[in-house]
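Going by the order they are written in, the chains are A, B, C and D; count residues from 1 in each one.
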Amino acid sequence: MINFSYTIWILLLPFLMFLLLGLAGHKLKAKLSGLLGTFGLGIITFLSYLTAYKYFFTSEKIDGAFQKITALNFTWLQFTDKLHIDMGVLLDPISVMMLIVVTTVSFMVHIYSLGYMKGEKGFERFYSFLSLFSFSMLGLVLATNIFQMYIFWELVGVSSFLLIGFYYQKPSAVRASKKAFIVTRFADLGFLIGILILSFNTKTFDFISLTNPSGAAISQGSSIGFLGLSVMTWSMIFVFLGGAGKSAMFPFHIWLPDAMEGPTPVSALIHAATMVVAGVYLVARMFPIYAISAPVALDVVAYVGAFTSLFAAVIACTQTDIKRVLAYSTMSQIGYMMLALGVAKYGGETGLGYMASMFHLFTHAMFKALLFLGAGAIIHSVHSNYMTDMGGLRKYLPITHITFLIACLTISGIPPFSGFFSKDEILAAAFQSNKFLFAVEYAVAGITAFYMFRIYFSIFWGKDTQYQHTPHEAPATMTIPLIILAIGAAVSGFIPFNKLVTSDGKILETGINLVIAIPSVLIGLLGIGIAYIMYRRESTIPDKLAAMFKYSYKWAYNKFYIDELYLFVTKKIIFRYIAVPVAWFDRHVVDATMNTIASVTQGVSFRIRGFQSGQLQKYAFVFITGAIMLAVLFIYLWK
Amino acid sequence: MDILSLFVVIPVLTITAILLLKDTRQVRVVSAFGMGLQLLMAGTLVFLYLSARHAGNSDEMLFVKDYLWFKSLNIHYSVGVDGISVAMIALTSLVVFAGIFASWEVEFLRKEFFVSLILLATGVFGFFISIDLFTMFLFYELAVIPMYLLIGIWGTGPKEYSAMKLTLMLMGGSALLLVGLLGIYFNSSPDANRLTFNILEISKVVIPLPAQRIFFPLTFVGFGVLGALFPFHTWSPDGHASAPTAVSMLHAGVLMKLGGYGAFRVAIFLMPEAAHELSWIFIILTSISVVYGAFGAIAQKDLKYINAYSSVSHCGLVLFAVLMMNQTAMNGAIIQMISHGLMTALFFALIGMLYGRTHTRIIYEMGGLMKIIPFLGVCYVIAGLASLGLPGLSGFVAEATIFVGAFQHPELFYRIVTILAVSSIVITAVYVLRVIAILLLGPTTNEHFEHLPDARWFEKISVVTLIGSVAAIGLAPFWLSSMIGTSLHPIIDKIIALNPF
Amino acid sequence: MNSGIPLQYFLILATVMFFTGVYGFLTRRNLITILMSVELILNSVNINFMAFNRFLYPNKLEGMFFSLFIIAVAASEAAVAIAIIINIYRRFTTINVEDVNEMKF
Amino acid sequence: MAANQIMFVLFSAMIVIFSILTVTSRRILRAAVYLLFVLVSTSGLYFMLNYQFLAAVQLSLYAGGIVVLIIFSILLTSHISQKFESSGLKKNIFSAIAALAGATLSIITILDYNFSATTEAAKEVTMKLIGSSLLSVNYDGYVLPFEVISILLLAAMIAAIVVAKKGAPKPTELPNINQE
C-alpha cells in the first residue's frame, strides 16, 4: 500500500494560503502576495502530479481494476453512530483525474492573472479568493463522503460568488454574483434533500459503501417506493438537481452567462474548466447508484444534458459578447458530458459513456480554459467584450491567435486535437444506446463548430477595425499559460483514458469508430465552412439571415426569455406575492392581534378608571351600598 | 465557594463596583474587566468540565451545589451544569464580553446602562446554572426585566412602545410558564408530600399524562414566546429595532436562547410523553416560524428588522429541532442556539456600528459601503455567510446537524416538514445576499458617507471575538458536538425509555 | 336605673344616628360638614359600645375604654383632618369636596 | 313612665332631631351648633348609663374641644353667613335610600336578635378603677392601648402642626400629575 497521507497538504496548503492572503494580504506588497499564491499552487500542482503518477502507475490493482483508496479520514462531526461527516481524501481514478485538471488549470490561471490582474485594486484579495477556490474545489474532488462533498460544494459556490463579484462596485457584477449564488443555492437545496433521503435510507454518507455496486446501500434504497418511483431514484434526482445547478444545466443555467462579469481568469478557472463540471463529477461519483438502482434518474440526466447542449448551442450562435458565447459553449459541452453519463451503464462495454464523459471533461477543461484565457488576452488588449468592436486582430496578437485557433479546432472536433477523441467517444456512446440523443448531439457538434468559428473569424479576421490604442500582444505571464494549455488541448487526446478512468476501474477496449468519427468530423468542417463564408470577411449574410428568421433569432438572442421568466418568478411572485404579503401579514395580522389584545385591555381600563373619579362621596356611596349588599347577602341570602 | 455560583457573584460584584464608581469613564473599564473575568471563568469551566468528564465522572450534572432556600415550598438554590449548560454559559460570556465593547461609547447615563446590562447578564447566567425550577424562573425574570429599562431608556425610535410590547409579551409568556412550572411542581411526587422543584428529581418520576397534556403546552409556549415561536414572535422585530446595540446583541444572542434551552430542559425533558404526543402541533408552528421568518426578512428595509426576522427563522429552527426528540436533532438545536447566538450578536454589533456612522438603518439609504469601511464590510459579509449556513462557519454545522437529525425521524410527516424547513436555506441566502448587495456592494450612493471611519479598536475586539468563535465552531465542530452529545445521552435515554416509539 | 329601657332602644337610636351621619357624609359638599358627619358616626358607635357594656357585660370595662380610645382617636383625627382641610383650602381656595378630585385615574 | 324613660326619650329625640339638622342645615355654623347639641345629648345618655367619667370626657373633649376646633376652621374657611346651595336632588335621594336601607337592615337585625339578659352584678366604675385599669399591665389592663393612643395623639398633634403650617405650594411647583 502506498502512503498517500501527504495528500492532506493538497487541501491544507491552499487553505493556509487563503488565510495568509486574506488576513495579512493587505500588508504585503501586491506582487508578493500574487507570487506567494502562485508558488503555493505550484507546490500543490506538483503534489497532484506526484499523486496521479503514484496512483495510476504504482498502486496495486485488484482484478485489473483501480481501487478506491481512502488516504486519510477523520470524523469531523458525529451525528449518530453511523452517520458522521468525515473529512478526508479519497483517491480513485476520477478524483485523481480531477486533481490534475483542477491544479493544472488553476496553476495556469494563477500565472496568467499575474499579468492580467496587474495593477488592479484588490490584487491580494483576488489571490486569496483564488486560493479559497482551489481549496474548496480540491476538497470537493477529494471528498470521501457525500456530506464532505456538499460542504465543499457550498464553499465552491461562495468562492464563485466572491470572485464573480470581485469588481464589487460594478452593479452588474454584484447582480451576477448574487444570481449565481442564489440559483446554485436553490439547486443545492435539492442536493441536500437528496443527501437527506439517501442517508435516511442507507444510513451512511460514505462514498465507498454507497457506491459499492454489490453493497447493501444500493440494494436497500431501491426497494422502498414513494410516489411511484423508488426512494433511491428520488434521492438521485434531487442530488442531480444540485449537480445541474452547479453545472448550469437547464433550467438552472441562467447564472452562468451573467457570471462572466467576473474577471476573465476567474471565468476560465471556475466557470469553464473546474467548478461547472462539478455536477458532472458528482453524477460520476454517484454513478453506480444511478446506473444500478436509479436508471430513471440517469435518463433524466441524459435528457437534461442533451437538451441543454442543444439549447445553449443555439443561443451561442447569436450572442455578441465573446465571453457569453464561451459561457453558452461551456453549457453546451457540459450537456455533452451529462448526456454521456446518462447513456452509460455500469461496467464493461456499456460503460463507454462514463469514460467518454470523463475524457471530455478533461479535454474540455484544457481547451475551454485556453479559450477563456485567450479571450482574456483579447479583451485585455481591446478593452471590450463585444466582437463587434473587434476584427483583424491576427496581426496584433499572433500568439493568442494561434492558440485560439487550436482551441477552436479542438472544440470543433477536428483531428488530431483532443476534442475529436473525446467527442467521438461520446457520440459513440450515444449511438450505442439512444439514436435520438445521438442525432441531437450530432447536430450540436455542427453548431458548435459554427459558433466557435464565428467568433474566431469575427475577432481575428473580418473587418479591419480601427483601434484607438493599437492592440498589443499580452505579456509573457499571460502568453506562457496560453501556450502550455494549447499544447495540452492539442495532445491530451492521446492520453489512454480507456485504461485509466472507467466506470468500474477496469480497462475498457475502445477504438476510433470510423462510422461515427468521419461524419462527426465532416459536420464540424461544415460548421467551420459556413462560418468562414459568413464571417471571414465583412458580409451581410448574417444580418440577412437574422432578418429572415426574425422571431427565432430574437428568441435565441434573448436566451429564450428564460432570464425574464426567472425575474418574473423571483421579483413578481416571490418578492411581491410572497415576501411582501408575509411581511404585511406579520405587521398587520399577527402583530395587530397582539396589539389588539393590548389596546382592548387598555380600552377596558379606560372605562374602568371612570370609577376612580376622585369624587370622595361617590366612593363612599359605592362602599356603603356594597357593604349593605354584602350584609344582606350574608344575613339573608347566604344561609 | 463553588465555581458555578461565581458566575452570579462576579456580575453582582461588578455591578457593586460600578455603583461605587464616581468617574463614569471608568465604568466601562470595570465592566469590561468584570466580564473579561467572566469569560475567563467560562473558559475555566469548560476546561474543568471536560477534565471531569474525561476523568470518568458520568453524573448527569456536575459541580452540583444545593442550599435550602425556602423550606415550606421546598425551594432550593441548587446549581449544576452539564455539557449543554456549559456551552450556553460559554456563549453567554462571549456575547456579553463583546456586548460591553460594542457599547463602549454609550454616553447617556452610562453607569446605569452598564448596571442594567450586567444585571441582565446575571439573570442569564443564573438561569443556565440553575437546576431548581423556581430559582431558574427567578433568574429568568431577572433577565427579562432590565430589558424594559434598557430599551425604554437607551433605545431608538418608538422605544417606549417597543419596550412595553416586549416586556408585556414576555411577561405574558412568563405567566403561562409559571403556571406550567407550578403544574410540574405539584405533580413532582406521586404521593404529594415530597414535592420538589429540582429538575433532576422530577425527571425521575413520571408526571401523569393528563397533567402533562395541560402543562406541556403551557411550559412550551411560555418558553416559546422568548424563543420567538410563531405567532408569539412579534415582540422581536420591534424590540430589536428599538434596542441599543448591546441589548440587541444580548437579547437575540442570549436571551432568546433561554427560550430554547428552557423548552428543552424543562418542557421536553420533564414531560416527554406529552411532548411526543403534541409535538406535531408545535412542529407545524415552528416550521412556519422558520419559513415565515425567512420570507418576512426578504421584504424588510430596516437592517434590524431583517435581522430580527432572521432570528425568528433561526430560533424557530431551534424549537423545531428540539421537538424532533432525537439525539442528533437536539444536538443540532443546541449548536444552533450557540451558533445563532454568536452570529446574531455579531450582526447586531455590526448594525450598531453602521448605524453609529451613517445614522440610518434603512438599507436603501446606504450603498457601496464596502469600499469605505472595508473592515466592517468584510465582517458583515462573514456574518451573512454564517447566517446562510456556509460550511466552515458555525451556522452550517448547526443546520446540517438539525436537518440530518430531523430527517431521521421515523414518521413520514416529520420528514416532509423537515424538507419544508430545509428550504429556508435558500430564502436565507436570498435575504442575506440582498442586504449585502444593497448595503455594501455597488457604487457609493451617498457622498456624505465617503469619509466614514472604519472600525475602532474596541469595535474590533467585539467583532473579532465573535467571528473567531463562529469560525472556531465552524471549523472544528467535533469537540462541541461531542460535549453536547454526551450530555444529551441521559436525556435521550430517558425519552426513549419512556416512549418506545 | 335604666330598667324599662331595653337595649334595643339604644341600638336603634345609635343606628339612626349612624345612618344620619352616613347620609350627611354622602350628601354634604363642604369638607367640614363631612367631618361633622363622621363625628356623628363615631358617636353612634360609642353609644353602642356603652350600651353593650352596660347591658350585657356590666362587670367589665371594655366598652367604656373602647369609647374612650375612640374619642381620643376622634380628637386626633379631627385635628389632623382640620389641618388638612385648611391646607386644601389654601391650595384650592375651596373646601368643596367635589372640586377636590385630583386623586383620580 | 319612669324618669329615666322620659330622659331617654328626651335625649334620643334631641339626638335624632339635631343629627338630622346637622346633616341638612344649609348654614354651616348652625350645623356645628346642632352637632354640639347632639354631642351634649350623647353625654347625657352616658350619664344615664352611669358612666360619669366618659360623659365628662365626652363633654369636655367633644363638645369642648372638637366642636370648637370645627368652628374655628369654619371661621377660617367660610363666611358665617354663607349658605350652601343645596346638593343635587338625585344625589340626596340616592343617599337617603342607601341610608334608609342600611338603617332598616340594621334595625331589623337588631330587633331580630335575641340579646341574652345578663345576671352579672354591675361594677362600680370609679375613677380609681379607671385609672388603675388604664395603667395596669395585668390581664385586664389597658396600658398598651393607652401608650399607643398617646403616641397617636402626639403624632396627630405634630402632624396637624406640620400639615397646617406648610405654606401653600405655588402651582408651578406642583408635580403635574396629568403628564403621562
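Note that contacts are C-beta pairs under 8 Å (C-beta built on N, C-alpha and C of every residue); 3 or more make two chains touch, one makes a residue touch a chain.
Please read all numbers here as calculations on a predicted model, not as lab measurements.
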Clusters that remain linked by touching, subunit A excluded: B | C, D
{"item": "Number of steps on the shortest touching-chain route linking subunit A and subunit B", "value": "1"}
{"item": "Chain pair with more C-beta contacts, A-D versus C-D", "value": "C-D"}
{"item": "Centre-to-centre distance between subunit D and subunit B (centres being mean Cα positions), rounded to whole Å", "value": "65"}
{"item": "Length of the line joining the C-alpha centres of subunit C and subunit D, rounded to whole Å", "value": "4"}
{"item": "CA centroid of subunit A to CA centroid of subunit D, Å", "value": "99"}
{"item": "Residues within subunit B bordering two or more other chains", "value": "none"}
{"item": "Contacts with two or more other chains, residues of subunit C listed in rising order", "value": "22, 26-27, 102"}
{"item": "Multi-partner residues of subunit A (each touching 2 or more other chains)", "value": "617, 621, 624"}
{"item": "Pairs of chains satisfying the touch condition", "value": "A-B, A-C, A-D, C-D"}
{"item": "Residues of subunit A that touch subunit C when the two form their complex", "value": "609, 612-617, 620-621, 624"}
{"item": "Touching residues on subunit B, where the partner in the complex is subunit A", "value": "165, 168-169, 230-235, 237-238, 292, 295-296, 298-300, 309, 327-328, 331, 368, 370-371, 385, 388-392, 396-397, 400-401, 403-405, 407-408, 415, 418-419, 422-423, 425-426, 429-430, 433-434, 437, 440-444, 477-478, 481-482, 485"}
{"item": "Touch list for subunit A against partner subunit B, complex", "value": "75-80, 83, 85, 147, 150-152, 154-155, 158, 161, 165, 168-171, 174-175, 178, 181-182, 185-186, 188-189, 192-193, 196-197, 199-200, 574-575, 578-580, 582-584, 586, 590-591, 593-595, 598"}
{"item": "In the complex with subunit A, residue positions of subunit C that touch it", "value": "22, 25-27, 34, 97-98, 100-105"}
{"item": "Residue ranges of subunit D touching subunit A (in the complex, touch as defined)", "value": "91, 94-95, 98, 101-102, 105, 109"}
